[in-house]
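Think of it as A, B, C and D in the order they're written, each chain with its own count starting at 1.
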Amino acid sequence: MVQAVNDGLRTIMKEDESVLVMGEDVGPKGGVFLATENLTKEFGKERCFDTPLSEDGIIGVGVGLAMNGMKPVCEIQFQDFIYPAFDQIVSEAAKMRYRSGGQYTVPMTIRTPYGGGIRGGLYHSQSGEAYFAHTAGLKVVIPSTPYDAKGLLISSIMDPDPVMFFEPKALYRAGREEVPEGMYTVDLSKVREVTQGGDAVVFCYGAMVPVCTEAARRIKESRNKDIRVIDLRTLMPLDEEAVLQAARDCGRVVMVHEAPRFCGYGSEISALIAENAIEYMEAPIKRVTGFDTPFPNTLENYYLPDARRVFDAIEEVLDF
Amino acid sequence: MSDTLQIIDESGKKVGKAPRLKRETLLRMYRAIVSTRSFDDRCMKLQRTGRIGFSIPNKGVEATSVGAAAALDAAQDWIAPHYRDFAMMFYLGIDVNGMFDNMFGNADDNAVGRQMPVHFSFRDPVNWLSISSPLGTQIPQAVGVAMAMKQRGEKGIALTTFGDGSTSTLGFHSGLNFAGVFGSPVVFLCQNNQWAISCPSEEQTASESYAIKGEAYGIPGIKVDGNDVLAVYRVVSEAVKRARAGEGPTLIEAVTFRMGGHSTSDDPSRYVEQSEFDAWEKRDPLFRFETWLKSEGHLDDEKIAAIRAETDAEMMAAAKAAEAKPRPKLGTIFSDVWEQMPPHLDAQMNACISHFAERDEAVDEKGEFPL
Amino acid sequence: MVQAVNDGLRTIMKEDESVLVMGEDVGPKGGVFLATENLTKEFGKERCFDTPLSEDGIIGVGVGLAMNGMKPVCEIQFQDFIYPAFDQIVSEAAKMRYRSGGQYTVPMTIRTPYGGGIRGGLYHSQSGEAYFAHTAGLKVVIPSTPYDAKGLLISSIMDPDPVMFFEPKALYRAGREEVPEGMYTVDLSKVREVTQGGDAVVFCYGAMVPVCTEAARRIKESRNKDIRVIDLRTLMPLDEEAVLQAARDCGRVVMVHEAPRFCGYGSEISALIAENAIEYMEAPIKRVTGFDTPFPNTLENYYLPDARRVFDAIEEVLDF
Amino acid sequence: MSDTLQIIDESGKKVGKAPRLKRETLLRMYRAIVSTRSFDDRCMKLQRTGRIGFSIPNKGVEATSVGAAAALDAAQDWIAPHYRDFAMMFYLGIDVNGMFDNMFGNADDNAVGRQMPVHFSFRDPVNWLSISSPLGTQIPQAVGVAMAMKQRGEKGIALTTFGDGSTSTLGFHSGLNFAGVFGSPVVFLCQNNQWAISCPSEEQTASESYAIKGEAYGIPGIKVDGNDVLAVYRVVSEAVKRARAGEGPTLIEAVTFRMGGHSTSDDPSRYVEQSEFDAWEKRDPLFRFETWLKSEGHLDDEKIAAIRAETDAEMMAAAKAAEAKPRPKLGTIFSDVWEQMPPHLDAQMNACISHFAERDEAVDEKGEFPL
């Protein structure tokens, strides 16, 4: 997937001179995961440049660039390091259009690798999407395939509002899928149906999509039930109608994410259904999530939801 | 204030080389200061009578703002402002009605009644970034604004202002550091008005001065008498010139004083000694400039009285007009969150509108702003 | 309530020499809301002192003090200004015990006024509790009465872990309730039943408690139904059993808070019930919340949930 | 490096006044540096063979760490460390087994296998705060630690270390500012090793030096040759003395070089010129100290070989022991979040334990750490 990100950046930078890439080590080194490889070489260091070690600076300067005609793509090296920039993101980027009555706007994209999968421990593994989904004025986008990564990234950069673009680092090296050359976009705010089915629905995103797909496959194999796996892709704005429709169609729901459960993104999905479609529910709305603890290191694979935990949860809702 | 540039001293006497400025310009500067005082007075009355919730007095710091504004080219330069320097806008030719629309948060307010009073946002007569309550956030933003101009080969520069207290924020540190590294065309103007609410300037930092903080970022730091409008003009002009010429950023510390409370609700007698007020009363920037202008023959008492009467009347009229306007429509709670309103917000808006259509309006009681 | 906070601080400072109060303007000025009035006078400026204008510094230094034997009570002047300290709170205070295997701990309390009620617009009105409730390692406490304010505050300061203590500023001047003199504590993690009833349950906290109580009174008046109003008080750790029990008892649930709805704290309450007690539900789980926008100024009273909106929601669940 | 204190020059010759140190102390310093190299080598091998995930090489910066450690009183002083200076621990007498337990994240690890390797946390032989990945956060924490000691009238001080890159973080700005204002007994030691991953020290800030940043906080700033263990010892000792005497904080910039990649996974040839490596190779702190010790008669080749063999063996043995230990129990995912485990977490723990009890273990595949 990381090549698709790189390809997306290159494509939109060619198309639109106002697109800039900035962050720590994004220049000559090409980024820690090589997502920005060769961009400085190709577009010059005016268009892709390293910054001092300050996330507050990266985002604050990015907000200024965005207000004055540029489309900055700011990289935060790991999502875990976004918190020094939290004020600029939630107080400034998210609220600029609103507080200025639309006089100033912030067409900025914040790219950052998130989630587990590299034995990164507490601070190279977090999934903080709920913080941002709760913040009005931001969009939150998480791809799960190379195709979507490129298309959603281009859409995010072209979007007139600030977009948090979370890249599941566990999938960076996965999926050898070819992505189309050149410009294309993927709609922000449409879910993707990964598998079809009407016996239960599993909502997920990012690195949990292949995990859930595998669980669905095993359920099919062992019980011949058809599970609908839905990749939410755009967490904000959420395609609520699609979520509710799937919940109504299936009557049995499982929500899966890596982030801790308590007040996690999944709680919103549950709440939404409990508020608008509870009468269709034939089982409890289950959540399979990371635990309500910081992210461990040695035991990472016990912390992260895996296909077996998802499988068990699907069984539970099927058997209720 | 040994190493602090001064041109007109406290008694109104010229002690340095005055910049060559046209009479109209000087009078425009003077009028801007007087307008600010009129605005302050009007707002204090409005707040005391409960018609607006809050204002930020500018008495004492106007020379810093006006001197800086006069050094800009409004057609191409941007301002990323602090909340206590809107005297700049009077100099630059703002429509006062727009300012009072904001004070009342009415339907015509640029901020659509979403922000507290004095949180102005303008595109005209200058790009004046939307004022934020969180302190210091405008500083790196100004650097970004400036970098964009530099990148496009434009000649505009960004001026950003902030208080002495704001130098402790993250935005100060990241903004100055980035500007130093990228050589961005920015002027950083620190309004050292001796206080950050109740924290005195000397307890904000142990550094020798605020200007010296530039050293930490490879940025020249200059200290100026902030109550001397000509000295501020001179120093900011030079910094603007350097920035415009591609010679990078400058940090300026304007030494001035907040001649009153932090806001209309604050009682500074809890923490400022009367003697401090008295001492600074003698350095009043308006008195000083007025005295000098008189001595140069640009002003006389009659003219002064006329300008005061005019600005008072202007503020009164604008306040009245703004007060009479309706408040923003209910839908404005929901617009401008994103360019396009997502379905969930649309649903919330419709529910809200029908809720209040069916019944009376919301109770309009309001708590008091404490500070 | 603000006197109760002041009294709580004074009481525990007398009791325990290691308790310190620090923040912007907490010294001679006594804080913007006078919560710390006279503490410097009474305990000296070693025990209650002003800091430079840096929330990151206040919390970062507080974490250090806490690790070395002190019990700092850090004030953030308005909750809206906590974001510059977000990194120190979520990355450091919250994770210190975990990442050091208990070698270092952070018995710190972060007090801050939150919520609407003073025409403070975008940045003097926010309710950010969900951010912190989602962060493992923090406790989140919100009182709604003077009695609880003092008792919960003392408990928070004595707690061995970092506590976010959110004070509903709308209630600072409300409630002339006398509070007991001297030391007393209120358990962290027990809900408070404000009114009894079995026809529906309303969960709420902070400034929404009187609003919900008023709505319940009106329902009693107009429809003779008994509504149980529950003040959650400690949002983390949540007394989940009490929440589930009330939900099961009543079968009809409304959740009320000022914060925006999407991924707000209420979504967790809904999700919890949808996961563990859905079979008892006789109606959708309704949420009455602030809208998914920044906080407005002129129209504040249209933004904040009021007794009529809560009343309508209760009617809806009763009539489903 | 004109204004940079140096005592032993690059060839190992004494060019300044050496501090009076006992032979044992000098040899303990030497051994600490050698131990660090042994540790580095062992970890590099372990990482290359996939037995640990990550390490942070310390080659080149050991003199800075060891010189600083030697200036402390471990019984009362605290350390709020950066991740690239654990050579300090070898000087202070750490049990190497504890370090390798952390590298493997096994059941005996102080951090209970929760942190990445090299994120040490100790109470013994010194209060060494738990290392954090987020940069700069330890800096204000050190100030708080120091303030607590000052408040209680204790004589301890806090030493905090950080890289050149970390000076751009918020923690640097707030930490130094608070320490300046409160006159806290802290020593700020900036390890300027020329790089922050791939960002060269000159692009991190435009300031003349890192030491000069002290000016912004009213804190004396001193530059020292970070490859000269005696010079570092001297400068840190003086700063510690000042702090202990109640004379406030000091900022020290130790000029040194990261003689390799950022981490075991980094390939510095993408961004560091070979000539830079070559130039610094000649300033190797180990070579220099060794040469001087030899010239003073404290060391000879035989002794050197013996020490190397001993430290290598010690590391090898500790690594083996640590590798053989079991990993932490499942329940450790859930403990230490709060002092008391709340019911919801208890439920999650029980579900997790019974899930994995019923079935096989989790798949133990792991992604590669990229940097």
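Everything below uses one rule, namely that a residue touches a chain if its C-beta (ideal position, glycine included) is under 8 Å from a C-beta of that chain, and two chains touch if they have at least 3 such contacts.
Remember, predicted model here, so these are calculated numbers, not experimental data.
Identification of common neighbours of chain C and chain D yields A, B.
Using CA-based centroids throughout, the chain positioned farthest away from chain A is B. Chain B and chain D have CA centres that are 45 Å apart. Averaging C-alpha coordinates per chain places the centre of chain A 39 Å away from that of chain B. With centres set at the average Cα position, the gap from chain A to chain C is 30 Å. Note: centroid distance chain B to chain C, computed from Cα atoms, is 35 Å.
Multi-chain contact residues, meaning those touching two or more other chains, occur in chain A at positions 52, 54, 56-57, 80, 83-84, 87, 91, 98-99, 122-123, 136-137, 236, 238, 262, 292-294. Of all residues in chain B, those touching 2 or more other chains are 114-115, 119, 132, 134, 168, 170, 173-174, 177, 181, 203-205, 337, 344, listed in ascending order. Arrangement of the chains shown, judged by which pairs touch: all-to-all, with no pair of chains left without contact. The residues of chain C lying in touch with chain A in their complex are 80, 83-84, 86-87, 90-91, 94-95, 98-99, 122-123, 130-131, 133-134, 136-137, 236, 238, 260, 262-276, 278-279, 281, 283-287, 292-294.
Chain C contributes residues 24-25, 27-30, 32-33, 50, 52-54, 56-57, 80-81, 83-84, 117-124, 169-170, 173, 261-262, 291-294, 296-303, 306, 308-309, 312 to its touches with chain B in the complex.
Across the complex, chain D meets chain A through its residues 53-54, 105-106, 113-116, 119, 132-135, 165-166, 168-170, 196-199, 203-205, 270-271, 327-328, 330, 332-334, 337, 344-345, 348-349, 352, 355-356, 359, 362-371.
Remark: chain B residues 168, 170, 172-174, 177, 180-181, 183, 203-208, 212-213, 215-219 touch chain D in the complex. Chain A makes touch with chain B in their complex at residues 20, 46, 51-52, 54, 56-57, 59-70, 72, 84, 87-88, 91-92, 96-105, 136-137, 139, 160-161, 189, 236-238, 240-241.
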